[in-house]
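Alright, structures below, take your time with them.
First chain A sits with chain B, and in the next complex the same chain sits with chain C.
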Partner chain A sequence: MIAVTRRRPELGLLFWVAALGITGSVAVAAAEVAGFRPQQLVVPATFVVIAFALHVFLAARGVRGDQLLLPIAAALTALGLVLVQRLASNLLVQQLSWTLIAAGAFAATILIPKDLTALSRFKWTWALLGVLLLISPLLPVIGREVNGARIWLGVGTVTFEPWEAVKILLVIFFAAYLEEFREVLAQTQRRFGPIPVPPVPYLVPIVAMWAIAMVVMVFERDLGATLLFLGIFLAMLYLATGEVFYTLIGLLLLLVGGFVAYHVFGHVAARVDIWLHPFADDVRFDTGYQLVQGLFALANGGLFGAGLGNGMPDRIPVVWSDFVFDAFAEEVGFAGAIALLSLYLLFVYRGMLIALRAPTPFLQLLAAGLSFIVALQTLVIVGGNSRLIPLTGITLPFVAYGGSSLVTNWMLVALLIRVSDMTARVRGTP
Partner chain B sequence: MEITFAVLLWAVRIGFLVLLYLFLLRAFGVLHRALAAERVSDNAVRALGTLIVERSAGHSPRVGERFSLRASTSIGRDAGNDVPLTDEAASARHAVLELRDGEWWIEDLGSTNGTLVNGTRIEHAERLRFGDELAIGRIALRLEKGAG
Partner chain C sequence: MTRSIAANIRGLTLAIAMTFLVTSVGVGYWTLVAGDELGSDPFNPRLVAAIRDRPRGFIKDSAGNTLAESVQTPDGYKRVYRDKTLAHVTGYASFQFGASGIEAAYAESLVGQDPGDPLSQWRARYLRERAPPGSIVLGIDPKVQKAAVDALGGRRGAIVAIDPRNGAILASVSWPQYDASLISDPATEDATWKQVNADPDKPLINRVTQGLYPPGSTFKIVTGAAALESGVDPNAKVRVDDPWQADKSWGSYFVRSSSRAHGDYTMADGYRLSENIYFAKIGLQIGGPKLAEYAQRFGIGSSTRCDITGAKGQLSRTGVLDRPTLVADTSYGQGELLVSPLQMALVAAAVGMGGVMPTPHYATEVRDAEGHAIRVIAPGPIGQVIRPETARTLTTMLVGAVEGPGAFAFAAKIAGVHVAGKTGSAENPSGAPHGWFVGFAPAESPTVAVAILLENSPRGGEDAAPLGGRVMQAALGK
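Moving on to the complex of A and B:
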């Protein structure tokens, strides 16, 4: 018998999400040449039903703990649907279907596995599965190359980006691995100057992670995944051991790898050159066109934007998956962009608080790693869109068009909610 | 007609931005209240509990040794347990001590020789209070408040 929980704050926030999604959709539809048609409300209405269904599901299952993550993730997904309607309305129904699948994946992750800590027992299985998935796009027949990056799996017309699933598997593996070995890694007696030298067997995984990251950069030509992969590992290593030097060594390895890659591989050098000189004569109408148009959109937005549906974000090629942040900033301005970033900030802050209070080291590292994925992804893509760092193929979590990303991000939310639920159960809080 | 439509359109656009900020404010409010509630429970749970060895058969564990408890603490003969017991009467994975709703519960994991709470063999999961004595084989442990 499961006690039903009352999740009032969550319910209250979802009403605001519903209002936000429907208003956004109406604004976009009304600005179209064809004018507003009532049937266009079907998509936001369906989304609202999905969001409330998830709330009812959590309450009926008696899930306790956090009530903030579901509304924030729902708000971001709603903004994503509004932007797909605005930027690529032919993909809208597809994105809504993916949202439905993502909701199913969320519910499944709440139910399975029954005991979340059991995940740590199969850590080498997760590691093997993760590495296989990571290198799977390199295989013939099923691997696909899109826009120069070989990061897709394809069967018929359905494509899937395995990296998205890999990041969650890796966080589970890192959390389990570091829970077991963090004391050996942190309390090593031998030091070379200020640098701790752990016994060789424990260094192997660190070097192996770096090597795998380099393979991804060289053979799959995916800078974003490389950055994310190493970033997650280094952050979790630091959280588990408190040793700054591991992080510094990792960053140094990344810099060395990046420097070598810049001089040896054309695709890395091209990305960096676009980033440094997007307005150069031979770049701005060619390889740098996308970034330059994105920057114009950002500038055009001003403080309050052109108004939803009133800007010209369609000038940016592939705007719906690569440059949603710039499109959003153009139409709702600096004010809207700051609000969007604040939503991510709240999400990550909440995730880190869940990590701090989790009852076991594995759950702490798991929650921290999952929150860090969202933080780093947001930083890398928003930084790329605004020319703070070179542009990479990372997607803006929950908002950018894309099925695999949406599904895995919702599974990530479910895992965070479960960690919070376990904490509440241990402590006897609602 | 045209002008009314344009005014409406702008009202919807501005409304969208306003709603975005209202949602953000509400979310901050929810987080703020949740944090206040969690801080109270932090103080209540800070000192989880400790097991103190009262009687022992050999050198491991020694009498007087203290084990700080985790939210889920495993007890048994295997060295991998949180509380390892070297007593042939203990099963490899003997029992588990768990915090549920802020209370300690002991559950026997189907051990051969059973677990005793204050001298009585337990059948189901049983609530353990501070000061209660737990006996497995020739080893006795007492649950005390606070971290080791």
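Moving on to the complex of A and C:
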């Protein structure tokens, strides 16, 4: 028998989300030449129904714990729909369908598996599944190459980026593996100067996992995924052992790897050159065109932006998936951009809070790892969009156009809420 | 004991928060600080769209006549220019080809964000509110401008008149012309652009500021100044025998006198009869480094700091005068020298003003939409380039070059006023010599200085001198 919970704060916040989604959509429509038409409300209205349905679902299932994650994720998704309407209205219905699928995936993740800690028992299964998914785009028939990166699976017109699912599988695997061996990895008897040398056998699976991923990334030519993979790996290692030196060595490896990749792989060198000299005459009209147009958009932002629908972000190629952040910042300004970043930071903070309170090391590592994914993705793409680091093909979580990303991110939210729910049950809090 | 996972989570969260902070600062840089630079990047599509979306300010002459304004059409605003003879000054503002002239130099002021009005800049940058555009007032005096246009009479060349006291440009004509309205009209911009760029006479170039020509004998003003300040006695007689070479090492190379002269010359004679051999000899006497120093003082090879950017000119291809023949040729304005008409007008102005060279400027005032002055454009002089007594001595000799017996520049005379001036006929690779005249009037306290350039004019400086007289006469109101 499941007791229904009252999730009052969550409900209250969802009204704000509804207001955000509807006013955003109306504002964008009103700024268009054709003006606002009532039937355009169908999309935001559908989304509002989905968001409230998820709330009712959680309450009916008697889920306890965190009540902020769902409104934050819903707010980001609502902004994403507004931006797709603004930047690529022909993709809007498709994005709404993906939102529906994402909601389904969220609900499914809340329902199964029954016992979250059971996930850790099948860690090698997750590892194998992850590797298979990673190499799947290289397979004939189902593998697809888009924009020079072979990272897609396709059946008919539906494409899926398996990497998106892999990142969650990775966190589950690392959490389970590190829970088991963290003591051994951390309590090293031997030190090479200040550098801890862990017992080699225990590192083998981790390094092997990393190596497989690297090799796959090189062949799939996806810089962003490589960066994300390495980031998750290092963060989880640090979370489990507290050894800063693992992280430092990892970063060193990243720099060395980057240096080698720069000189060996054309696509890496191109990305770095664009980053260093986007305004050079032979770059700005060619490979650097996208970034330069993105920076023009950012620079037009000012404090409060041009207003939704009044900027010119549509001059940026593929703006709806690669440069939503710049488009958003142009139309809502520095203030809006900071508000968006604050939403992400709040999301990560809530996720880390859930991790702190989680009852077992596995759940702690799981929640922290999942939160870290959102943080890293946000920082890497926003950094790329604002020329702080080279641009990579990572998407802005929840907001950028793209189905695979949306579905897996909502599953991630569901996992975090479940960890929170378990904590509440163990501790007997609401 | 292993550090607790909780402690590691706190550490990681702190690191993430710090990185968010750094990222926010980066985003702040691009949205708030970089806007100025990127917003005025000529390839930013927003800048171009603004030409259609908003009216730009007026450009007016000193009498208040409108030279450029935005006109509303069904497709948005377009720029219309009322005086074709000033196309090079106003420039154009095209959706496709960007802006030039005043339209480019005062682009911010013309959209209501003058740098002299920090509040409007702040409001535009952070609040995206633009003040209604005001206007740019030019120093162009319609009477002088008309006299200059009539004087040039459709010949290829340039005329510039400047007020030597403050550097305001009173007239500026560059021929051939182009129609700035056609380049700024979306319906005609493509075809017009193609046509003017294909024209071998290069109508898009503002010959006043961007045209580069050998200065010919007008450069003798610089050589004379260098000589006087190096202790050369202007009254000492110098032997002139045409043709002349310093020694046998010059081989078959000789400096020629335009009047095939034989005789003893003072500096005043040298100016009056424009004697090349006289100046070649004193140029060699003071030496290349001295001559180079004075060319540099008079601004040859550096920016004029004019609000419409122009050419810097060159003393020689290498920037130094390291061969005797090059020193000799440079002394009378040939060699590898290249200057713009505006630069030569400034040389004349500096001599007239007792050695103080003014900073040239086309615009004199930026006004807001109500007509109140936001900013008066009155740049201080570039500096004292020669001593006052040197300038006085030169002025006397340059009056002689116009009014003396047999003076080459006699045609620049104006009744009732003393005129100082110098003609020049510049040999060049493109055919007949370029005709030059530079001068100022009244000689004792000038209110106008001019430079006239006629491309490939058969009689060179003789053709140019009367034009100088007419333009100065208009400026003096005589």
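The rule is simple: the second predicted complex is superposed on the first by the 424 of 430 C-alpha atoms of A that agree within 3 Å, B and C clash if a C-alpha of one lies under 4 Å from a C-alpha of the other, contacts with A are read in each partner's own complex, and residues count from 1 in each chain.
Here is the rule we use: a residue touches a chain if its C-beta (ideal position, glycine included) is under 8 Å from a C-beta of that chain, and two chains touch if they have at least 3 such contacts.
Every value quoted in this text rests on a predicted model; they were computed, and no experiment measured them.
Colleague: Put chain B and chain C onto chain A via the superposition and say whether they clash or fit.
Modeller: fit
Colleague: Between chain B and chain C, whom does A:116 touch in the aligned arrangement: first, second, both, or neither?
Modeller: In the superposition, A:116 touches no partner, neither chain B nor chain C.
Colleague: Just checking: does A:312 make contact with chain B only, chain C only, both, or neither of them? Give me first, second, both or neither.
Modeller: The answer is second: A:312 touches chain C but not chain B.
Colleague: So, A:359: does it touch chain B (first), chain C (second), both, or neither?
Modeller: In the superposition, A:359 contacts chain B only.
Colleague: Going by the contact rule set out at the top, does A:182 touch chain B (first), chain C (second), both, or neither?
Modeller: Second partner only.
Colleague: One more residue to check, A:304. First (chain B), second (chain C), both or neither?
Modeller: A:304 sits against chain B and chain C alike.
Colleague: Quick check for you: in the superposed arrangement, does A:425 touch first (chain B), second (chain C), both or neither?
Modeller: first
Colleague: Of the partners chain B and chain C, which touch A:339 in the superposed model: first, second, both, neither?
Modeller: first
Colleague: Shortest C-alpha to C-alpha distance from chain B to chain C once the two structures are superposed, in angstrom?
Modeller: Minimum over all C-alpha pairs: 12 Å.
Colleague: Does any part of chain A touch chain B in one structure and chain C in the other, and if so which residues?
Modeller: In chain A, positions 304-305, 307, 349 sit in both the chain B and chain C interfaces.
Colleague: Which positions of chain B touch chain A when the two form their complex?
Modeller: Those residues of chain B that touch chain A are 8-10, 12-13, 15-17, 19-24, 26-28, 30-31, 33-35, 37-38, 41-42, 44-45, 70-72, 99-103.
Colleague: How about chain C: which of its residues touch chain A in the complex?
Modeller: Those residues of chain C that touch chain A are 2-3, 5-13, 16-17, 19-20, 22-24, 26-32, 34-35, 37-39, 41, 43-46, 49, 124-128.
Colleague: Mind listing the chain A positions that touch chain B in their complex?
Modeller: 9-10, 12-13, 16-17, 19-20, 23-24, 26-27, 30-31, 66-68, 71-72, 75, 117, 304-305, 307-310, 332, 335-336, 339-340, 342-343, 346, 349-350, 353, 357, 359-360, 425-430
Colleague: Going by the contact rule set out above, which residues of chain A touch chain C in the complex?
Modeller: 182-183, 186-187, 235, 238-242, 284, 292-293, 295-296, 298-307, 312, 315, 329, 333-334, 337-338, 341, 344-345, 348-349, 352, 355-356, 361, 364-365, 368, 372, 375, 379, 382-383, 386-388
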